[in-house]
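The following blocks contain the structures, represented as C-alpha cells.
Next come two complexes, and both contain chain A; in the first it sits with chain B, in the second with chain C.
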Partner chain A sequence: MGIQPTELVVSNTDEPEVKSQDVAGRSPTQIALDRLRHDKIAMVCLAVVAVFVLIAIFAPLLTDLFGVELEGGDPVTDTKADSFPAIGPPDYGFTWEAPLGLEPRTGNDLLAEWFYGARTSLGVATFATVAATLMGIVIGLVAGFARGWLDRVIAFVIDIFLSLPFILVALALAPIIVSRFGAQPERLEFVQLCALLFVLSVFGWMTLARLIRGEVLSLREREFVQAARVIGVPTRSILFKELLPNLVAPIVVSISLGLPAFVTAEAGLAFLGIGVVGIPSWGQTVNRAVEFFSTYPLFLYAPVVGICLLVIALNLLGDAVRDAFDPKTRR
Partner chain B sequence: MTQPEVAAAPASTDGSGQRPILEVTNLRKYFPVQSAGVIRRTIGHVQAVDGVSFQVEQGGALGLVGESGCGKSTTGRLITRLLDPTSGSMKFNGREIGNLSNKQMLPLRKEIQMIFQDPYSSLNPRHTVGTIVGTPLRVHKMVPDKQVLTRVKELLEVVGLNPEHYNRYPSEFSGGQRQRIGVARALALQPKVLVADEPVSALDVSIQAQVVNLLQDVQKEFNIAFLFIAHDLAVVRHFCPDVAVMYLGKIVEIADRETLYARPHHPYTQALLSAVPDVKQAAIGGRRERIRLEGDVPSPVNPPSGCRFRTRCWMAQDICAKQEPPLLQIGPKHKVACHFAGEYGAMPTSPITLDALGVDQHGTPVSGAAPSTEDLIKPGFSDAYTNLETHKSSSERLVGDRIVDDPKGEGTATEK
Partner chain C sequence: MRLKKPAVALATAALMTLAACGGGSGTGTDPGSENTGTIEGGNAGSGKNPDAQAPAEVPEDATEGGTFTVLTVNVPSTLDPTQAYYTDSTAILSDLVTRSLTQYAYVDGEMVLIPDMATDLGRPNEDNTEWTFTLREGLKYEDGTDVKAEDVAYAIKRSFAIEELPDGPTYQTTFFLDGDKYKGPFQDGTDYAGVEVNGNDITIKMRRPFTDMDYYASFPAFTAIPEAKDNPATYGRHPLATGPYKFADYKPGTSLTLVKNEFWDPETDPGRIQMVDGWEFKFGQDSAKLENVIINDTGEAQTTLTYDNVTASGYRSIQEDPDRLVTGTSPCTFMWFLDMTKITDINVRKAIGYAYPYRAAWKAAGEIEGVTRVPGTSILPPGTAGRVEYDPLGIKGVNTDPEKSKELLQEAGAMGYEIKFLFASDDALSVQAKDQLVNGLEAGGFKATPIASTLETIRTDRTDYDSPINVRSSGWCSDWPSGGSWFPAQWSGDLVGLEGMPNPSNFKVAEMDALQDKILDTMTPEEAAAAWGEFDKKMQTEYYPAVVTGYSGTAMIHGSKVGGMENDNVRGMPTFQRMYITE
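Our next item is the complex of A and B:
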C-alpha cells in the first residue's frame, strides 16, 4: 500500500484552489441571513410581504389592469335607490367590472381603494419605521456613550415620551391641525399626512433608543472599544464603525416588529378619523363598512383581511428575523 | 556591597545605562464614589492608584504584579490615557503626557499601545481580521490606503498567523490566535511602549508559552519597552528583568528579577512568592513554609493608615499604623517600602526607616531629627543608595536611648 504518485499530484494541484475559496470568512450578519433562508415560515411570510409591497408600488398599474378606477363612482349611475351598488355584491353575483364590489352610496370601486389602501398603509408604516429607527439609533448611541448628565437628560426625555398617552396626543393633534390649516383644503391633506407621520415617528423611537442605550452601556466596557480608544479612533467612528455593527441584531428585530405595529396604528388612527384624509386607507374603509356589515359583509372583509394578512406576515417574519439574529433567545 | 551613606542622590546619574522611555512619578488615580439619589454627592474616593513611581527603559520590560484590585490594570490604563490621572506625572521620552487632551494625545497614541487581557472581547466580533489590524494603519495613515492590506498580511505573518486569513472573523480563531491578532493590531503602529494588561491570563497554559515567546520575539525585533501587568509570577519572572509588586494602589517593592525572587525584603512579596507552587520542591518532597495571610485586602475607599499592608502583616507594630514606610532604595536595583524590611527569617526587630523619616519607633517625630532629603518618589534607581545595615544602625542611633527605656521593647510584635 502507499499513496500513488498520481494521487499526490492531483491533491497538490487541487489544494490551492480549495484554500482560496475557503479563507473568506462569514460575518455574523451573513450567518444570520443564511439561517433565515432556511426558515420556511419566514420565507412564506417574506413572499406575502413582497406581494403586498408590489401591490403598493404598482397600485396605479394594477387598477388599470383590472379596469377599475379610484374614486370613479357616480352615485347616480352606480348605485340603486337603496344606495347599494347597481352591479356586483351584495345584491348580484361576481363581476369583473368590480371584483370587490362597489361602495354603497358613492359607487366607488373597492378594489382600487384596497390597492391604494395598501400603498398608504405600507408607505406610512415604512416612513414611520425608518424615522423612528434613525431617531432611536442616534439617541440611544449618544445616551449610552455620553454617560453623565447628557445620558440622564436623554433618559428623562425617553421616560416622558413613554408616559405620554399616544392615542390622546394623536386625538388632540388632529383638531389643532385642522383648525390651523382648515382654510386651505389642498394643503390640509398634506399637512395631515405629515402630522400622522410625525405622531407615529415621535412615539415610536423610545423603545429602540432604550434598547440601544442598554446595549451600548454593556458594549462600551468591552475591550475592543478600549482598544479603539487606545489606537486613537475618533469618537464618531467608535460609535458608528465599532459599536453600530454590533447593534445590527436589535435594530433589525426592532424594524421587523415595528413595521406591523405601525400598520396597525395607521389603520387604527384612520378608523378613528384622525389619520390621513383624502387618501384611501384601509382604516377609513373599515370605518365606513361597519354600518353595512349585516347587509354587505364583503365591504368590511376586504380591508380587514388586508390588514390581518400583512400584520401576521410581518410579525411572523419579525419573529423569524429575531430568531435568526439572536439565536440565544430561540425557544 | 557596602556603599557610602548618601542621603541625597544626584538626579542626573541613573542606576541603568539605558535611557528611560517611560517615567512615571507619584501617579495617582482616585475614582469618586457617589451617593445614590437624584443629587449625587461625592462621598469618598476609591484610591485605586496612590502615588506610584517607576520607569521603563527603552526596550526593557517592567513587570507589575499584585493581587486583584491592587491597581495594576488602572496603572496600565492611565499610561495609555484610557483614564485621566488625578495627579502625578507620566513622561514619555521626556515629554509629559498626563495632561494632554485627546487631540494632543493622538500623535502619541502611535508610540504607546496596549495588549488586552481577554482575547474574546478585545476584538470586534463584527469586523474581519483585516479591518481590525488595518484600523490603526488607517487612523494614523501609517501606509497609503492601497497598501493597508499588504501591511496587514505582513503583520499577521509577524505574529505567526496565516496572512491569507485576513478575511476571517475573530470567532473563527482560537484564544491564542485571537491574542496574536491583538498583538498584530498593537504592533501595527510600531509603538515604543507596549502595555500588556495580563496578556496571557485568559489563555490555556500550553498557549501562554507561545504568546509569551511571541511577545519576547517582537520585543527583541522591534526594541519595544513593555509594561507587563500580570498576576502570574512565573510569567513575569520569565519576561521581565525588573519587577514591581503592588499592594492596594502602592508599589511596595521594586527590584530586578534576581533580587526580587531570591531575596524579597517586603513581607507582602514574601507571602506572594511563598504562594507560588514549586514543582522542584514537590518532587523532592521538601516542604517550604507557606506564609498565610489573614483576612482580606482592605477597601481602597478607606485604606489603613500608615502602611497599607499592616492589617495583614505578621510583623506590624505601632509605627506601621502611624507612619507610612517610604520606598527606600536599599540595593543597586532594589527599593522596598517597609519599616522592617529584610530577608524572610532575618527581618530586623526594630524599624529601619527611622532615620529617613526622623521619627522614633512609635512613629512620633523626634525633635531635632530631620527627615532625610532623599528623593523618595524618584521613578528609577540611583547609583548611590543607603544600604539596609546603614539604615538600621542610624535608625538605632536616632532612638538609641529610648529603646532601652521603653518597657515594650523593640521586638514586641503586635498582632493585628
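Our next item is the complex of A and C:
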C-alpha cells in the first residue's frame, strides 16, 4: 500500500514528539494499551464491565450476602391471591428481604435471578467469543496462507455460513434437542447449554476469518515471510510465529466487539424461548416480565438495565480498543 | 370432549366447544356481584325455553352503528360450520353468521336453549329415535335466496363426511341411523335414510335413543348449506350467512371482517340482535399488547374486546374499572390422569392427590384461583345434572398435604416412587408450573422426573402410549348436561388402546365397565343423570384414577362502550349474539 502524502505529513509532525518521550522500544500493543489507558470513557466502561464480571463470578456469594435464594419462592406464601408478591414492590415499599422484589406468580427472588442472569450472560458470551475467535483465527490463517483449492473451499464454506439465517437455525435446533433429550432431564440442561454455545460460536467466526484471510493474503508476500520460507521454516511456525503476531490488532478488536454482540444474541434467544431451561437468564426474565410492564415495571427494568448497561459498556470499550489499535486514528 | 392444549398453559378458546349445560343446580353467583367477586364454582344451566319469541329484545341503552374489534391470541383452526368444534369458531359462527336449528340465549346469567331456525326445540317420538324439526318461514341466505329444509338436510348429511371435513363433532356417527356406514355426500351421495324432508319438516332418525338431540342441534353443523354452493375445501372461507352478519373478508390465521347481512330478518330470530354495523376479528395477537390496548380504553379501544382469559397483570389493572371485566364459568374439568397400568397401587395414586401442589401449580401456570381456575373434587363440573359433591381425599381439592402423602407411600412401601410428567420447555408458564410440581411431589415423598416437550409436540407426546410418562395432564368439557358425555367418552375400558388415547388413565375395570353398560342400556335419562353422579363418586373413591385439579373459569375484558357482553357459560366465550355499542 502506498503512503498517502497527507499521512506522511502527519507522521512527520508527530515525530519530534515521539522522540522527546524517550520510549524507543515500545511494541504496537504497548502503544495501544497506553492510549487506552488515557481514554476516560474506556476506563469507565472497563470498570463497569469489571463489576459485571465480579457479579458473574461471585453470584452465589452475593446471593448469600443479600440473604436471597435462587428459585426459592413458594407461590402459596410468597404471592397474594392475585399472584402479585406478598412483600416488596409493587404493592409495598422497599425491603431488604427482596431488594429487587419477588417475581409474580412464583415468588422467586429477582435479585438472585439477576445475579445469576449476569453469570449466564457473561459466561455464554465469553465462551462463544473465545470459541468463535479461535475458529476464525485458524480458518482465516489457513485460508489465507493456502493458495488454490483449499482457499476456495474455505471461502465457499464461509459464504455458506454467512448465508444461513442464524435465528432460523436456532429455532429449528431447539425442538429437535428437546425431543431427543426430553426424557433425560438431567442431561437436557447440559445439552441445551452446549447447543446454545454451539449455535452462537458456529455463527460467529466468519467475519473474523474473512478479515484474517485478507490480512494474511497481504502479509504472506512480505519479505519476512518470504525469508522464513526460504530458510525452510515449517508452515505451522510461519502461520503462528510469523503471521499471528501481526494480527493481534484485528483479533483484539474482533473480540471486544464480539462480546456485546453475543450478550445480545443470548438474551434475544432466551427471550424467544430458545436457550437453556432451568438456568436463569436475563432474556427469559424479560420474556416473563413483558406482560407486567404496566403493573410491575421493576420486574422488567432490572434485566433490561442489566443488558443495556453491559452491552453499552462492552461496545464503547470495544470502540475504544479499536481506536487504540488503529494507527490511523489520532486523539 | 378433549382439551387441545396442555392444561398448564391453557387458553380458553383452545378448549373444544361445549354444548349444553341444562339440568342441574342454580348459578352459585348472583349477576350483580359477578364482575368483581370470585366464582363459587362451575357453570349452571336453566335448561330450555321452546317458546322464546322473535324478535329478540333490544336493550334500552343500545345504539345503532359502530364496529366491534375483537383481539385474540388464538387462531381459529377452521370456520367451516361442519368442522367447527372449538369454542371460538362455534361462538363466532353460531352467534353471528350461521344459524342452526336451535341456539343458546343469555337469560339472567344463564344460557338457555331456545329455537333458532326451527320453530321449536324439536319433537322426539316416544323412544327418542326420531326427531322432527320444523323450519321457520322467511329465512334467507345473504344472497337473498330462501333457506330450504333440504339445505338443512344436506348440512346434516355433510357432517358425516369426516374424511373430507375432519375434527368436527361426531355424535351423528354414534346415534344417527346408519351413522356407522354413511360416509357423507361426497363419497356416498345424498341418498341417506337418516334424514327426511317433508315440506318444512326435517326428520332425523336414530339408530339408538338420543335424548339430547335438541342440544346437539345447536352446533353450527346443523345450519343450512345449499348443496349447489358447497365445496368442502373452500366453503369454510365464506360460509353462506343466515345470521345477522356475513363474511366480508376472511384471511385465515390473521383476520375476519363481518358486515351486516341485510337479508336477516329479526322477526325470524328469537336470540340475536343486529345493532352494530360490523365485527373486526384480529387473530394471533400479542397478549400483553392487546390487554394494554383494551385497558387504556382510548378511541377505538372503547369498542374493543377480547375473549382470551385475562393475565394476572391485566386482572389487577382492570380492577379500577371492574365493569369492564366479565367473569363466569365454562364446564371443563382439569385432571392429572394417573396411568392405571403403571401406577397400580391405589395408595400411591391417592398419595399423588395429597402431594399435588394445587395452589402453587395454578399460580405458577398463570391461573387466578377462583377466577380462571375453580377448586373442586368431583370429575363432573358443577351444573351437570345429577352431579354428586364428594371429597375422596378430604382436602377440598386445594389443601396439599405432603405428610399424608408420605404416610401413604410408606404404607405402600413405595417411598421415592418416580412420577414422570410432560411440560413444554418453550413455554415460560409451563416451565414455572413444572418447577412447582417437582417441589410439591418431592415434598410428598415422590421422585419427580419432568419430561421436556414443546408446545408443538406436547399433545402428541401426551396421547402416545409409549411416552415415558405415568401421569398425563389434560381435561374434559361437557357436551351434554349429564355424565353421559363424560364417562363413556373417557373412562370406558373399550377405549384403552385406541388411537389418540381417549382414555388417558388407561382405566379398564370390569366392574365399572359393567356399571356403565347398565346405565347406558337400561336407564331413563333422569335415572341415568343421577347414576352418573354416583358413578363419578364410586370411581374416584374406590379407584382414584385421576387427580382433579380444578374447573375452568372465564375472565374477559372489554372497552367501556361495549354493551351486552356476558359470559356464555356453555362455551366460556362472550355472548356475541346480544352485544351492542352503548351511548
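Some notes on this structure:
FYI, the second predicted complex is superposed on the first by the 304 of 331 C-alpha atoms of A that agree within 3 Å, B and C clash if a C-alpha of one lies under 4 Å from a C-alpha of the other, contacts with A are read in each partner's own complex, and residues count from 1 in each chain.
Following the convention adopted for this analysis, a contact is a pair of C-beta atoms (placed from the backbone, for glycine too) under 8 Å apart; a residue touches a chain by one contact, two chains touch by 3 or more.
Predicted, not measured: the structure shown is a model, and the values here were computed from it.
If you put the two complexes together on chain A, you find that chain B and chain C both fit without a clash. When the two structures are aligned on the shared chain, A:N287 is found in touch with chain C, with no touch to chain B.
In the superposed model, A:R222 makes contact with chain B only, not with chain C. Of the two partner chains placed by the overlay, only chain C lies in contact with A:V178; chain B stays clear of it.
Judged by the touch definition given at the top, the superposed model places A:V233 against chain B, while chain C stays out of reach.
Counting residues of chain A touched by each partner, chain B versus chain C, the larger count belongs to C.
After overlaying the two complexes on the shared chain, residue contacts for A:P28 are found with chain B alone; chain C is out of touch.
By the touch criterion defined above, A:V48 reaches neither chain B nor chain C.
Of all Cα pairs spanning chain B and chain C in the superposition, the closest are 44 Å apart. When the two complexes are laid over each other on chain A, chain A has no residue in contact with both chain B and chain C.
Within the complex formed with chain C, the chain A residues making contact are 71, 74-76, 79, 81-84, 104-106, 174-175, 178-179, 181-183, 185, 188, 273-274, 277-278, 284, 287-288, 290-296. Chain A meets chain B in the complex at residues 19-20, 23-29, 222-224, 226-234, 237, 242, 245-246, 248.
Those residues of chain C lying in contact with chain A across their complex are 287-288, 291-292, 295, 311-317, 357, 359-360, 363-364, 366, 368-370, 425-429, 431-432, 435-436, 439, 449-454, 456-457, 461, 468.
Touching chain A in their complex are the following residues of chain B: 77, 80, 82, 105-106, 109-110, 112-114, 116-118, 121-128, 135-136, 139-140, 162, 164-165, 167-169, 171-172, 182, 185, 189.
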